[in-house]
Amino acid sequence: MSGEMISEAVTSLFVLVGGAFALLGSIGLARLPDFFTRLHGPTKATTLGVGSLVIGSMVHLSTQGNGLSLRELAITLFLFITAPVSAHLLSKVALRKLGLKKGGPPDAA
Amino acid sequence: MKHAAILPIVIPLAAAIVVLAGHRLGLRFARAVFLAGGLLLVPVSAWLIDLAGGGDIAVYALGGWPAPFGIVLVLDRLSALMVALTTAIAVPAMLHATAGTDTAGRHFHALFLLQIAGLNGAFLTGDIFNLFVFFEVLLLASYGLLVHGAGLARVRAGLTYVILNLTGSALFLVALALIYGMLGTLNLADMAVVLPGLPERDHAVVRTAFAFLVAVFALKAALLPLSFWLPHAYAATSASVAALFAIMTKVGVYALLRVSVIGFGSAPFTADLLQPWLLPLALATIALGTAGALAARRLATVVANLVVVSTGTLFAAMAGNDGGADGAALYYLVHTTLVTAAFFLLADRIAAARGTQRDALERSGRPPDSALLAFAFLVLAVAASAMPPLSGFLGKVMILRSVQFHEGGAAIWIALIVSGLVTMALLARAASALFWEVAPAPEAMPVALPAEGSYSVDTHRLGSRRTAVALGLLVAGSPLLTVLAAPVSDYVRAASDQLHARQPYVAAVLGQRRDIAREHRP
Amino acid sequence: MTLFYRLLPQPILSLVILALWLGLAGSVSVGQVLLGTVLGIVLPRLTRSFWPDPPRLARPGTAARLVLTVFFDIVVANGQVAKRVLGPLDRLHPRFVEVPLDLEDDFIATILGGIVTMTPGTVSVDIDRERRLLLVHALDVEDPEALIRTIKARYEAPLKEVFQC
Amino acid sequence: MELLFAIAVGVLTAAAIFLVLRARTFSVILGLTLLSYAVNLLIFISGRLTVDAPALMLPGADRYTDPLPQALVLTAIVISFGMTAYLVALALRAKGESGSDHVDARETGE
Amino acid sequence: MLSIAIPAALFMIAAAMALNLWRLVRGPDLPDRILALDTLAINTIALVMLFGIILANAVYFDVALLIAMTGFVGTAALCKFALIGDIIE
Amino acid sequence: MSELILLPLVALFAAVPLLPVVARIGRRVVAWSAALVMATGLAALSPLMPDVLAGQTFVFRQPWLTEWGIDLSLRLDGLGLLFAILILGIGMLIVLYGAYYLSVADRLGRFYALLLAFAGGMLGVVLAENMLLMLLFWEITSLTSFLLIAYRQDDAGSRISARMALAVTGGGGLALLAGLLLLGHIAGSFELSDVLARGDIVRAHPYYPLVLVLVLLGAFTKSAQFPFHFWLPNAMAAPTPVSAYLHSATMVKAGVFLIARLYPCLSGTDLWFVLVSGTGAVTFIYGAYFALLKHDFKGLLAYSTVSHLGLITLLFGLNTPLSAVAGIFHIINHAIFKASLFMAAGIIDHECGTRDMRRINGMFKYMPYTAVLGILAAGSMAGVPLLNGFLSKEMFFAETIGNPAFAGYAGLTYLLPAFATLAGMLSVAYSLRFVHDVFFNGEPIDLPRTPHEPPHWMRLPVEILVALCLLVGLLPRFTVGPILTAAAGAVIPSGVPAYTLAIWHGFNLPLAMSVIALAGGALHYWRRQVLFAFHEKYHLEATSPVLFERAYREATRLSQRVMALVDTESLQRYMALLIGFVLLLGVWAYATAKPTAVSGPLGGIAPEPIAIGAVAALVLAVAGTVMYDNRQRVVAVIYMSVVGLIVSLAFVRFSAPDLALTQLSVEVVTIVLLLSSLRFLPAASPRDESRSRLTRDAMLAVLGGGGLAILTYAMLTRPFDTISGFYLANSVPGGGGSNVVNVILVDFRGFDTLGEITVLALAALGVHASLDGLRLQVHTDVAAREADRHPVMLAMLMRPLLPLALTVSVYILLRGHNLPGGGFIAGLITGVGLMLQYVARGIDFSAARLQRLDYIKVTATGLALAGGTGLASWLFGQPFLTSAHGYVYPPLIGKMELASAIVFDLGVYLVVVAGVLLVLSELGGLSRHERGTVAPARPG
């Protein structure tokens, strides 16, 4: 196995894992029964999926002869910082709009 | 100096920047820069006329990039004339504005200066996309100016004006996309070169693109059925803005003239685009504008409708000349711009003098007891209704003579003559109502504002000497145009000949580059 | 030390900016390092008024360990989410959990909230400033107390240590 | 692909026309925004479609898309953004002056 | 390997986006729709990254970065509007 | 010599602005000055008189607008001289009379200025050689007469009468303009010398009837011919000196002058006979009939003017040389006696304070001297022998006998003489009424004051004119002979026929007709009460000012109704018109081209599955935007973001990363803008539109969208040649950047970009101006909780995010020239970063921290930087915006590229940042007003 093949294999792995998690998150969004449960899929799985794709592309581009590609890390960094805040904001909206439906703390509303 | 052609754009732009940069320095600073910017344009305009008058076409390649790749400004007789005309109405309007209009809201000075820059850019550019950009500059400035001082009437008219023009801008871009997509160039002169060799299968799309362009210009010029917005907008806004707007419709006329003659006049399959519909619409525009003026209940509305009439007249003159326009139309264009601009300023001063009745065409408890205003009204009414001996008469004679025995010439004659008669009668009625009819007792008069929406009254000192000078300058326009009729007529005929020759323009812009490198795509 | 802090009031931020710059530029030439350093010095100072009281990193080592923990949790436990998302929905036991906070600083509490959200099974819904508690939504939880204990021990305690608060 | 673009432009334009003909300022703003999408797409593809050949003169590239329409679109995007901002402000002003969000700044339209 | 992995990933992401759209259409409430949009944006990032891998062109990552930024701002603005009816106050 | 013709005109018009100044000295001074000006005019012409009387024509030419047929050429021939003498001579008497007639309260300066301008106009008409110049002066008389008639501007009757006169005579002038333009075209010249010499060509031209009708419309309206006569009696509203002038020597005479002037060219045809003599005849008898009915003696005189002008017109219409001579002769006579009658009437009016002949009686007793003058002038009007009126009437009677027009119809030969006798009778009757009713007929009834003789100077002009009546009547050959012959010579091309000016021609038919007319007239006057009763019963004559005003108001109301119908002041209508117009025009333009298949020769790119999915998603998102517009606008905004995302993806896929970056960053700011506005707007558009409206709009939408889709497809399937290869080739060597799109933006087409950021700055300024002082009602139903305003995690996150966003924007700004990016995108990123601060922390927090950032100044700085790089190139002798780039080698860093375009881009950056922040902070400021918090000093 040449170095190139190894890198291709690694890239493929990350790409597949990334795609899978992105899909997983969206299935969660589509399938889960209420807003708060739906929130879990996208915030975690989709973010992780994109992160995985980013690593894949880093690996891929780094072996294309352009030197180490670090730019993509910025995207990952950004996503990991913002995803919780988005979730927080969305939850607040849902709390205001929908109230607590399932099993919420009695005094949270 | 070789930078002459760009000065009319750079000067107001620079003045606007200085006004904005010093926006905390107070009103006196802003006004000083504002007026200085305007006044500086006077010698520059005269210089441009002098430069272009000789018949040379000066091409200014921005960034040093040659046409058709870079943007060029083209200074020929026609563009120099339009720039000078802009200056001629802008400077008095600016003077009028500094009597108080300019304090009715924010950023008046910068908007006004940038509007001038936009106008001059539109007149000078030789690139059709750059024309779009300058259209947007002048439009955005005009949006702000139109609603300057706010009030329901202005905002209502402004909303209509803005939304229509935004749609027009989108259409402009559609046309440009199709033109570039078929011709592969944006330079007017280059379009003239490319068009004749276009394969026949491309004709339909190119024709449609040009038709869209024509529609855009017709909207700006307020050609029926795209004219209804104009009277409301122009009558609602402040006088100095309306005065400047007198040239706004002419931008549409100019653009149509420039593009149709230089751009798509070069190939038979696009040269007949304005036939056969332009003339009927132009005549209908004259009729509608005249009816609107007769129906008007305010002087400003009368004048605004006269602007519509002037659009119809200009397009009729163009249609009567197979899509072009000769010196007659250009002379009339200069005349009508000066006169309507002056009339807006006058309406404002009359309104201020008459108290609560403003410029309503009803008797008033306080008719303006001012020989100056009455005389100004006389001069402008004579000029506007094409009565001898002023420029309106000369212009009308020129147009009548230039279209006679063309197809539809008789219809143009009838339209112009009837509209002239009605205008004369209604201005006589207006004079009677505004100056002569006195209401029995001021306190018995109900405060009867005219039906045309609520007023946005500019609280400024209209009696000031500045507004008198502004008015005087503009009112002098028509008599001056009469006295100088011979040289002006020579100039505009030469301008028209230069435009219609097309080849000098193309040669000046493209130089000796007969074989412009083109890439076949895709 | 004071001179250092006067020059670099937020050293971590400056470092992050430098790293980000080099990452973006895709090069570690002298010129880029210089430019990144300048930005790292200038930008935090320019924006200091927006972040007047940045917490100071006291234990870089603990911080690194915490980062690794979180990363590990994210990767390993995402599988559980997959199982729950794809599995039968009627077995889910979603519910809200209130986690009392020992952290005083909002910024650090926000970091905790972020960690809680990114780790599987839980999403931070809100930080209640008055009652100093973190409202968490858990996708499938049998024992809320266990969850609270885990969060506090695994993430909050190290955070407190890292920032010495 | 060409047909797909034509459909996209057509659909955007149709929706935009429908919305700009509505009686409420907000609808018109939405319509004009959609219209600018359609127009920008149209200008963009006036240089024809090119996949994976950005107009970047980088080593190794030999094929380039037509850069001119892209520059035009950039200008057009900025201008239409300015217009939208202004129209939003004017719509609010009209609302303030008339109390209505009708495009004629009065509650009874045509 | 990549020749299989990439179309597969492309398919998965396209499917994910379709599911996002479905949620957007279904709602039922505003938060669901905002969440759907947010997720759609993140999946778009994934799509753009895939383009970048296919074409081995780093240019696309700037687009991805910007989607990440603007997607978040859009979500924040929508949430704030839904929360208090105002964005900048 | 011929330059002398110019002098009277110059004198008159030059005096116009001076008279108001002179009037301040005194009223006699101004009157004498005006008279002096007129005398000067006459004197100026006197050196030419002998030659003119000898039949010579002087022409003065000064080219002006030769191309358009308007030259400043003047002529003096017999006809012109005759009229000049009448205009100036009678004018002198009128201005002197006016000094006594007008009260001090009248603004004499203005009056005399107008009168002189009017006289100048008249003089111009009669002295013009160029026909269009003649028309120019013609309309000056319309205009000045309007102002003179409206002189008593506080009187509604005067105002309406003046407007009516203007409408009729000015309108006639427009017809005349058309006629003269055609005439000049046919004749090939606008110079009268040429036109008059080419009568044959003109009369043979197919347009001759049209020309004739148009010219006669001008003449008839001016000369108050039926049915255009009605303005004249109402012009009585003018002060008497004006009436005297207008009715005698000027204005109404302009019409008959025109007929005389063009007589050589247009007369001699059957059409001429029918139109001219027919109109003249009707007017002649119509005026005479109504003159008798007037109780107001000025009204009587006015209708007599109408009648006499009918007579003159009739004479010119008869197409015989002698009738033309008679016409000219009667012009002279009528001018003299009518001027004197009006001035006498003015004296009586002045003395009695009324003009009602039912109250004024027996004036002979009170002012015998004036009475004698009046009686003599009236006698002339009636055609009493020994007075001048008799002579021209005799000539008229003689010409009616055996007129060649009736040559073929023997039975009709007597019709014309009989008619003439009848008309003569009526003239006698009204003259008699004037004399009898005013000067005799018992004692005056209930006069405001006791009349007595006027001051001598006031009577003097009347005396002079009545003396002329007698002199001409007694010694015609020595008084008017030469000028009449000269004038006739100018009118009759074939040469003046032999005629004798004598009081006694022996017993002949004309004499018999005169006798019958005198006797019949007396009888008719005696039996007048029958006529009065008949008239009272049937109200034969409508009062025309009322009619005119009613007609005008109806026209106004009609146009108001038409305008209300076509212009509904509805933007939706305007928009539908715009879109409909564009559709029609587009379809027409496409359909009238050479037929071609929509699809072109290009195969194109095969559709990718993901692209099909994207288009499907686009359709879905577009539909969602439209549908949710009237359900929940915020959801429509969400759908629109999806549209934006898809468009950005298309840009990415098709090699336009710059566009994708820009689209994305603009998109997010747009969303924020839309959401900000939604706070103050209803949450959904109401569904209040009719089904037909929706159907119409849907049709327009489908047609528009379909049309553009077809055009798009047609374009995309056709290859084309483009200039853009130049940009690719020159970007690096010429522009110093490898991102061609950016180099186009900042260099090749940097001027567009300068305009573009100007637009952006204008938008920001416009927003700033529009929202100035605006207070709005909140529309959202959300009752905000304080804790929700600034969610903790968001607020905390913003802290590190801002410097990071700034880092990214610096990166994007600096590398834009070579890779996607640039000032605009960088500016938006900075703007978005700062905007997030506003979103997260509120405007008070953020504005306080950005206080030193004066957005307007930053905008100005940005514009100045961009424009400044343009100006800087002047220093190197290069055109505006010429870029410079090169490499510098700083220590440590090594090779570094510097391009002036970077500075330009920095300008763009600053404008964008400041513009976005200004807009957003202004919109945010709205909420602050609404919350009522006290604002710290805001920028701007």
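Letters A, B, C, D, E and F name the chains as they come in the text, with residue numbers starting at 1 for each one.
Criterion: contacts are C-beta pairs under 8 Å (C-beta built on N, C-alpha and C of every residue); 3 or more make two chains touch, one makes a residue touch a chain.
Owing to the predicted nature of the structure, the values given are computational and were not obtained by experimental measurement.
In contact with chain A and with chain F at once: which chains are those? Just list them.
Per touch definition, common to chain A and chain F: C, E.
Which neighbours does chain D have in common with chain F?
Shared contacts of chain D and chain F: B, E.
Quick check for the class: compute each chain's Cα centroid; which one is farthest from the centroid of chain E?
F
So using the touch definition from the top, which pair is joined by more C-beta contacts, C-F or A-E?
Between A-E and C-F, contacts are more numerous in A-E.
List the centre-to-centre spacing of chain B and chain C in whole Å, with centres computed as mean CA coordinates.
Result: the chain centres lie 62 Å from each other.
How many angstrom lie between the centres of chain C and chain D, each centre taken as the mean Cα position?
For chain C versus chain D, the centre distance works out to 40 Å.
Give, as an integer number of Å, the spacing between the C-alpha centres of chain E and chain B.
About 48 Å separates the centre of chain B from that of chain E.
Going by the touch rule set out above, which residues of chain B reach two or more other chains?
In chain B, the residues touching two or more other chains are 129, 133, 136, 140, 143-144, 147, 150, 159-160, 163, 167, 174, 177-178, 180-181, 521-522.
Could you list the positions in chain F whose residues touch two or more of the other chains?
Those would be 569, 571, 573, 575, 579, 602, 637, 653, 657, 676, 678, 708, 715-716, 719-720, 722-724, 727, 748-749, 752, 755-756, 759, 762-763, 766, 770, 782, 785, 788, 791, 793-794, 797, 800, 804, 808, 819-820, 923.
Using the touch rule from the top of the page, what residues of chain E touch 2 or more other chains?
Those would be 10, 17, 30, 34, 58-59, 62, 65, 69, 76, 80, 82-83.
Sort out which chains touch which and give me every pair.
Once each pair is checked, the touching ones are A-C, A-E, A-F, B-D, B-F, C-F, D-E, D-F, E-F.
Mind listing the chain B positions that touch chain D in their complex?
Those in contact with chain D are residues 129, 133, 136, 140, 143-144, 147, 150-152, 155-156, 158-160, 162-163, 166-167, 169-170, 173-174, 176-178, 180-181, 186, 521-522.
Sort out for me which residues of chain C touch chain A in the complex.
20, 22-24, 26-27, 74-75, 78, 81-82, 85-86, 89, 92-98, 110, 113-121, 123-127, 135, 137, 139
Under the stated contact criterion, what part of chain A meets chain C in this complex?
Chain A residues touching chain C: 21, 24, 27-28, 31-34, 36-37, 39-41, 43-45, 47-48, 66-67, 69-71, 73-74, 77, 80-81, 83-85, 87-88, 91-92, 95, 100, 102-105, 108.
Taking the touch rule as given, give the residues of chain F at its contact with chain C in the complex, in rising order.
Residue positions touching the partner: 787, 791-793, 795-800, 802-804, 806-808, 810-811, 815, 837, 841, 846, 849, 892-894, 896.
Sort out for me which residues of chain D touch chain B in the complex.
20, 25, 28, 32, 35-36, 38-39, 42-43, 45-50, 66, 68-69, 72, 75-76, 79-80, 82-83, 86-87, 90-91, 93-94, 97-98, 103-106
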